[in-house]
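A quick write-up on the structure given underneath.
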Amino acid sequence: MAVVRAAPSDTCIGFLRSHPALAPKALADPSLTAESRSEQGGLGMTSLGDQLARFEAGSSDYESRFGFPFIVCVRRLTPPFVLRGLERRLANTPEQERIAALAEIGHITRLRLVDRVSGPGIPPTTGHLSAHVLDTARGKAAEGVRIEVFREGVLIKEAVTNHDGRSDEPLLADGPLRIGRYELRFHIEEYYANWPNVTDPPWYDVIPIRFGVAEPEGHYHIPLLLGAWTYTTYRGS
Amino acid sequence: MAVVRAAPSDTCIGFLRSHPALAPKALADPSLTAESRSEQGGLGMTSLGDQLARFEAGSSDYESRFGFPFIVCVRRLTPPFVLRGLERRLANTPEQERIAALAEIGHITRLRLVDRVSGPGIPPTTGHLSAHVLDTARGKAAEGVRIEVFREGVLIKEAVTNHDGRSDEPLLADGPLRIGRYELRFHIEEYYANWPNVTDPPWYDVIPIRFGVAEPEGHYHIPLLLGAWTYTTYRGS
Amino acid sequence: MAVVRAAPSDTCIGFLRSHPALAPKALADPSLTAESRSEQGGLGMTSLGDQLARFEAGSSDYESRFGFPFIVCVRRLTPPFVLRGLERRLANTPEQERIAALAEIGHITRLRLVDRVSGPGIPPTTGHLSAHVLDTARGKAAEGVRIEVFREGVLIKEAVTNHDGRSDEPLLADGPLRIGRYELRFHIEEYYANWPNVTDPPWYDVIPIRFGVAEPEGHYHIPLLLGAWTYTTYRGS
Amino acid sequence: MAVVRAAPSDTCIGFLRSHPALAPKALADPSLTAESRSEQGGLGMTSLGDQLARFEAGSSDYESRFGFPFIVCVRRLTPPFVLRGLERRLANTPEQERIAALAEIGHITRLRLVDRVSGPGIPPTTGHLSAHVLDTARGKAAEGVRIEVFREGVLIKEAVTNHDGRSDEPLLADGPLRIGRYELRFHIEEYYANWPNVTDPPWYDVIPIRFGVAEPEGHYHIPLLLGAWTYTTYRGS
């Protein structure tokens, strides 16, 4: 990155120009590398629906304005935040944007390198999402609570709490957490079924907790302190 | 009700037989009274979707088994709980069910009477739903938070908190609260926008709180204690 | 107050000089008015213990420095905060301090007037302290919880929660709340005794909540959300 | 223990009779072993104050009733709970009490053995007390909070939270936690001093959390979720 940043402006721009445009346009390009194809195919920009046209228009504006395609490390963002980033970066000066685009290439390259090498000195590229359910009406961990993980409205993971009130594995820990909006749904219908004086319907059945992930390499821990008629959540550590 | 309950069994059954069947079948019956039409039209049994066939089949079974149509005070239940009630009552003995059906006629009649009269001695037929948002990071009520009220997935009300952190009017207070599952969504995106160190996306933007209403005439109060990185809710009083 | 503030500086200082010094010195002065005697006797400066000498020394310094005795509306402060105020005000300029001392006379006079008159237009001079105990393990108000109110370590009030989880009367509402440190102790030993699986000793028996009162005319509400193995408190509204 | 329990009743009683009586009487007995002297000297029965006479009277009753001295593993109880245990065990039948007294000798012996040996198979004799302070107004651990640990009103430990909001070492982990009432005092005066809009006095300065320890070998974790105007605690895991 130091070499790239120190290169003459023309060299940098040439480097940026050689980068493929973002999906879905790019997927039609036969010269796309396998890695780009995989990264961009997994991006799911088509999930933008009505906003896809906005993204396509913004991409064109961007390329006209800066002379190189819009580059972003798609493994670190959900599609709505790719779009938001595009629209913000359109307001940059060419100089600011050259730095921003090079930083994204840095992120992309770092992730590709980390996929191939191992050993000490690996930079942090993995985020971490976990949850913990404590039963504060009984003073112990809540076992057997099913947790669904949604990201931008899409179910991406399920787990069940063990005797320690946690999932056996982290909910997410296999790469950057994509910047975006997440929701955990804690299914306590069955957990509650054994309680005294449960009403019908029960006071709580599914507890949804929504939160935003802003740091792809961050640690996010979501405790649920579950009483019979109350709950508390917070950003844990 | 005392007179009805004390009547001979045959008289009771005749009385129950003269009651119209439940919507949607009933809506096709030209002899339906205006009140029944209004109550049942508002019930929204068609919202049951795939389960509507289950309801129709259960209604037929019911009528075959007990000799009178399935009667329920539809202003006190959401459609999924009308269906659940039907399926439970199918397991009753004829004697138990005659008592249950008469009790429902009691609820229906009480509500119709209460609509027409006023003055002291009115029985309690109205439930009450309210919310309160306190900002525990600043030690004061949270003003300007928009609250959406969903019942069985349908948006039925919106309100905005005033300087006391409450809605000017109760969220719901115009009749029985229909037994069912409710969700309040507290929109705090704008409330948060002025905070220091807000991330993008913010840690919280919309806080959904789901709960079940089991007593149509009950008081339900949903406080939200909102800190910057935590929240607590409970059944208030 | 407008007349006093607009008076020439010499007149003001003469006015301030005619004010009695603070207890305990003042209590020895036979010319002290009955009101001053009552207010200052109730102040309890002797409770300062070891710090009383610091107060006496500060008072002397004050009188030497400003030419009039240290004046403070003792009904609005606990003794440690009278002392803290004295030490802070010693750093004032004569002009700042003349204004500060006149403001205190304003507070004193206002309280004396409010004691004697009634009707519309009465200025707010009364603070308000209340508490509320909710049992979030059972979803209802906690009745029969004894609450002790301590102010600067001295028990000044006791109450028991009613069926609504509140005391029948506000805990304190008979004048300004003295600026200082308060503690509520919620005695839940007996309330817990009926619970399932209570340990010996119980997990909680007395729940102390300490807080500071900074606004004598403010409303302070202390909710206790009591679960079996958790509790939450906050500044309520 | 199996051998002891299986021994004839007379042998057991002889064994129990040879056990020293509890302090403070025992401390005057020159035949007391060094271990008993140390355990009982550390017990602090003299802290019972006015209740010491009750303990002495109960001990005499006990010895008259059962024919052997009152034996209890004093490392597992605070003095008030030694007294409470004595008064409860007085209601036992001789047979129940012989079993109870032997169990106490088992506890005493186990602790003495564990002090002398090491390696796999060591039975659990150590309890564990820890705390955690999270700042839910800023979404991170609270560093620099001083914690005092009181047991039955006596300060027995102090610690300061590190950057992870915990003490570097467990608060207590060097043997059984004595059954009794504990209080943690979290000193947040300085932690708060940097906050915006701190009042004088601050809303919170010292947060006391009282709780009872009923299992000497248990793990007790006391989280404090600290907002600016709220806090929550619970039995953690």
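Which chain is which? They are A, B, C and D, in the order written, and residues in each are numbered from 1.
Keep this in mind: a contact is a pair of C-beta atoms (placed from the backbone, for glycine too) under 8 Å apart; a residue touches a chain by one contact, two chains touch by 3 or more.
Please read these numbers as outputs of a predicted model, since none were measured by experiment.
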| item | value |
| --- | --- |
| Most distant chain from chain A, judged by the mean position of its C-alpha atoms | C |
| Interface composition of copies chain C and chain D: same or different, split at half | same |
| Option in B-C, C-D or A-C whose residue-number contact pairs overlap A-D by over half | B-C |
| Euclidean distance of C-alpha centroids - chain B vs chain C, Å | 47 |
| Separation of chain A from chain B, taking each centre as the mean of its C-alpha atoms, in whole Å | 38 |
| Between chain B and chain D, centroid-to-centroid distance (C-alpha), Å | 51 |
| Junction residues of chain A - those touching two or more other chains | 136, 139, 203, 225, 227, 229-230, 232, 234-235 |
| Chain contact topology (line, ring, star, complete or other) | complete |
| Parts of chain C lying in touch with chain D, wherever the complex brings them together | 81, 179-181, 199-208, 210-215, 227, 229-235 |
| Complex contacts: residues of chain C adjacent to chain B | 134, 136, 139-141, 164-165, 225, 232, 234-237 |
| List of chain A residues in touch with chain C within their complex | 136-139, 197, 203, 225, 227-230, 232 |
